[in-house]
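By written order: A, B, C and D. Residues from 1 in each chain.
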Amino acid sequence: MALLPLNEAIATCVNDGDAVALEGFTHLIPFAAGHEIIRLGRRNLHLIRMTPDLIYDQLIGMGCATRLTFSWGGNPGVGSLHRLRDAVERQWPQPLALTEFSHAELALAYQAGASGMSCGLMPHYADTDLARVPGASLRTVRCPFTGRLLTAVPAVNPDVTILHAQQIDAEGNVLIRGIVGAAREAALAARRVLVTVEERVERLAADLNAVVLPSWLISAASIVPGGAYPSYAQGYYPRDNRFYLAWDEIARDRRTFTAWMERHVLGMPDHAALLRALGVAA
Amino acid sequence: MSATGYTPDEIMTVTAARHLRDRAVCFVGIGLPSAACNLARMTHAPRLVLIYESGTVGARPAVLPLSIGDGELAETATSIVPLPEIFAHYLQRGRVDVGFLGAAQIDRYGNLNSTVIGDYAHPKVRLPGAGGASEIATYAREVLVIMKQTPRSFVAQLDFLTSAGYLTGCGARAASGSPGAGPRAVITDFGVLRPHSETEELELAALYPGIGVDAARAATGWPLKVAAHIETLPAPEPDALAVLRDLEARTREAHARPIRINLRN
Amino acid sequence: MALLPLNEAIATCVNDGDAVALEGFTHLIPFAAGHEIIRLGRRNLHLIRMTPDLIYDQLIGMGCATRLTFSWGGNPGVGSLHRLRDAVERQWPQPLALTEFSHAELALAYQAGASGMSCGLMPHYADTDLARVPGASLRTVRCPFTGRLLTAVPAVNPDVTILHAQQIDAEGNVLIRGIVGAAREAALAARRVLVTVEERVERLAADLNAVVLPSWLISAASIVPGGAYPSYAQGYYPRDNRFYLAWDEIARDRRTFTAWMERHVLGMPDHAALLRALGVAA
Amino acid sequence: MSATGYTPDEIMTVTAARHLRDRAVCFVGIGLPSAACNLARMTHAPRLVLIYESGTVGARPAVLPLSIGDGELAETATSIVPLPEIFAHYLQRGRVDVGFLGAAQIDRYGNLNSTVIGDYAHPKVRLPGAGGASEIATYAREVLVIMKQTPRSFVAQLDFLTSAGYLTGCGARAASGSPGAGPRAVITDFGVLRPHSETEELELAALYPGIGVDAARAATGWPLKVAAHIETLPAPEPDALAVLRDLEARTREAHARPIRINLRN
């Protein structure tokens, strides 16, 4: 595990053309890391994430991605991701190929990837149209015990998985506290793991059964307070629901989107500057 | 609202809440379903078990979450489990009594579209997609659908089948082996549709006070059948309305609180 | 969830002929519950457990079981389970049919059971002889994506799973703290779940990401302090390694085994009396 | 012991410890492997990562556990994970550098039996069985076997193949697709056997001080081949012996402590 400034960590771990998963389910979404990918101008990425959320709306709108693997692409509780829609509906700024799953399927795909398996199984019932779209990647096998049809979901193994977490200790072990989503499975499935954290501590404030990623599973880490904003970090700051509502207006239009990104992401040296500019840094 | 003393959202929420019996295990979606479940929990069903797909089991939020994984859910849950387990150990294993779904389109057999309007490869509107809906539709012992009724959303032909209702009706769902019973009620801003016991086609089973059959028919994109006996649903009880409005006021206040992040380091 | 005295809980939940899993990996093994099964004279049980440990040596030696599903049948760090060996090698007190897995396979079988699946998958390499024994239950399928051979392990779904845990709260939620083994999967796979706990508290001393079984998944619970002894309960008492060493001598011989069981299990009204008789109750 | 100043167990443990490089990830079994790993961790390899199959990752026990899941492991671990994940996410995923195995029988290709002596259906001796051994043998990048060498345990023909070594040799293991490299060393009370680079048959590669080739051959149930150059291993360093004896003394003391259980309630 190497402790690096975020721009160096991203430069080292994320290459043009990589399959990249920024995970964290509503909670602990690594926004700062996503912004750094945009600042470094990475291109041709295959973005993977259960819920693309605002950070992928931004990456897609800024032209970083040509493929998206996902299971629910909306602004939670608000509505559409307008940049994702614009890319799919009108190929702006470029076409975006989709690989689409349900949550259960993508969770299973990460789990298979984390387990060194080529696929995972779930029961099979009536096909929905999702099994029939171009690029659909589900297949079926028969259970060798019951003869019943099962759905096989191919493993997902990102080149790099990026997480945000609460703490890193002196040895580089990382604590995730609260809703964990499929973050662990996405990390264990990946070839490289990059973690941003709220703070460095001598010893993690971790219960015996806490979710801790051992340092030797982590390629690089950066200390980025507020790195999940406008998502949240349990015990540090809550989700900025107002920002999620405001994003609907910002992203609806190509021009206001581009202006916002140029001013707040490209125009800022780092995440701390963005938080100050938005008036949320104390 | 002024005429009736309540909004369409309010009577939909109260009606949905009435469908929940105490101790039922609910797989809850954001928006009206979350409001309905928490209203039920705060009124007649204090031991309702709320599972959100973020992995929070037994959440008891004091304010409504905007997202499916707000910190309020984590802090008030009995248990937080990884997302793959919520789907495998709870939903797929058959532990969920009631699932809630909404969608952009529903057809006469309760099948749902939340994926695209238009052609998949060249959509007119790209919708968010399945999320947890496909598996909720398959596995929950019963499904409650909550949707506003319009000819554009209650359609003769779905653009895309994301979540299975009764498929083509007349037992097609049961024949597919699907473990759950399917959509037992579709709660709209006009009243409630329920599946016919044999054909499984949705028919108008209940209306809110002051709403007529013709209005409901006009809001439906297929020739809506009407049950032999149409029930008139009660207006929201003042107590329930008060609890709901209080909950929503607390929620608005909480979501408006400015965020302050301490840049230690 | 019904809070019952242990003998009533066992009488209600465990029937002759049931498939019964007493789980807990070294930690939190439900000894008190196992002893109550012996006192109630249950017969023809199908015992399921990754590591049969001393409690299954006792159940087998007392004639409660006709079938055993397991993955490692020894006295950890000490040697043989003499009663298990006597049943397999010399059919005493009765024949014992075996269904044998590796740890990874049985863990996967519980996981499949907990997930409503008929089987679970793992990669397949060279067969060991375990795949060829009478009663072997593994099969193979081809991965529909890679064409490679995979091992399919049939789900295990006990009629009843019995766990010991640290705490139960006023609502009947149960906290497991420390090594959890496959206890959760075994519980979620089962038709009924019976839990014994160290103590009842108003509110669990549980971190956000603690292992908590919600009350509505539990059929019956009993408060049995020391209920895991001579195994242990993290935070309450350590494993009695001396007892595990002593058991080797007690169980080696049919006569000394029977005498010990008659005096310490059949001759005691309950677990507290046993702990007092052994001099470990404070 | 008096003649050499150390016991066979001690030189086996010290020799095994020397095989471990710092930062390696070890899947540790109980007994000598656990002693060897902790000795290495307390001497030359402070960042050795110990995984016990009970789910404790990064355990740093101050006393040796008797069982694979003693509380000491849980209290000192970086992380405790459910047992299915230890096997799927760590071992099967290829995260383990070194696995330790012992057995009742080993053959010339390093295949192991820990299941039965005699016929499976009517065994002469029923052994504990596979436990984690089969998958450790398959997936660990390399395997270290620790066993006392006798003609009854080093056999021409296994009664049962529980864990794969090099199967029939000459590349048979690689042909099976097994991800791990197999048993790179068999550490006995005579010295160390290693696989021949082509045939993969185990041959005597190193001996402890004062032990001759003939003695090792006499303790082997097949005609033991001898490497072109036999290394003589050093006696245990006094420092290592001191650390090991101190660890074992602490362990004996800890395991002898009487248990007191408080019968509240």
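The working rule: a contact is a pair of C-beta atoms (placed from the backbone, for glycine too) under 8 Å apart; a residue touches a chain by one contact, two chains touch by 3 or more.
From a predicted model like this one, the values you see are computed outputs, not experimental measurements.
Least step count on the touch graph, chain A to chain D: 1. Contact with chain B and chain C alike is made by A.
Annotation: the A-D interface is duplicated by B-C among the options A-B, B-C or C-D, judged by over half of the residue-numbered contact pairs being identical. Chain B and chain D have Cα centroids separated by 56 Å.
Centroids built from CA atoms put chain D at 27 Å from chain C. Taking each chain's centre as the mean of its C-alpha atoms, chain A lies 39 Å from chain C. Across the assembly, chain B contributes residues 74-75, 80, 88, 92 that each touch 2 or more other chains. In chain A, 115-117, 122-123, 148, 178, 180, 208-211, 234 are the positions where the chain touches two or more neighbouring chains simultaneously. If you draw each protein chain as a dot and join the dots that touch, the picture is not a line, a loop, a star, or fully joined; it has some other shape. Touching chain pairs in this entry, ordered by label, are A-B, A-C, A-D, B-C, C-D. Against chain B, in their complex, chain A makes its touches with residues 25-27, 50-51, 70-74, 76-78, 80-81, 84-85, 88-89, 100-104, 107-108, 110-111, 122-123, 125-126, 128-130, 133-134, 148, 178-182, 184-185, 199, 223, 225-226, 229-230, 232, 234, 236-242, 244-245, 272, 275, 280-282. The touching residues of chain A, counted against chain D in their complex, run 114-117, 173, 188, 208-214, 216-217.
Across the complex, chain D meets chain C through its residues 30-31, 53-56, 65-71, 73-75, 80, 82-84, 87-88, 91-92, 115, 120-121, 123-135, 138, 160-164, 167, 172-173, 176-179, 255-265. For chain B in complex with chain C, the residues that touch the partner chain are 23, 25, 49, 57-58, 74-75, 78-80, 88-89, 92-95. Listing the residues of chain C that touch chain A in their complex gives 116-123, 139-146, 148, 150, 152, 154, 176-178, 180, 207-211, 234.
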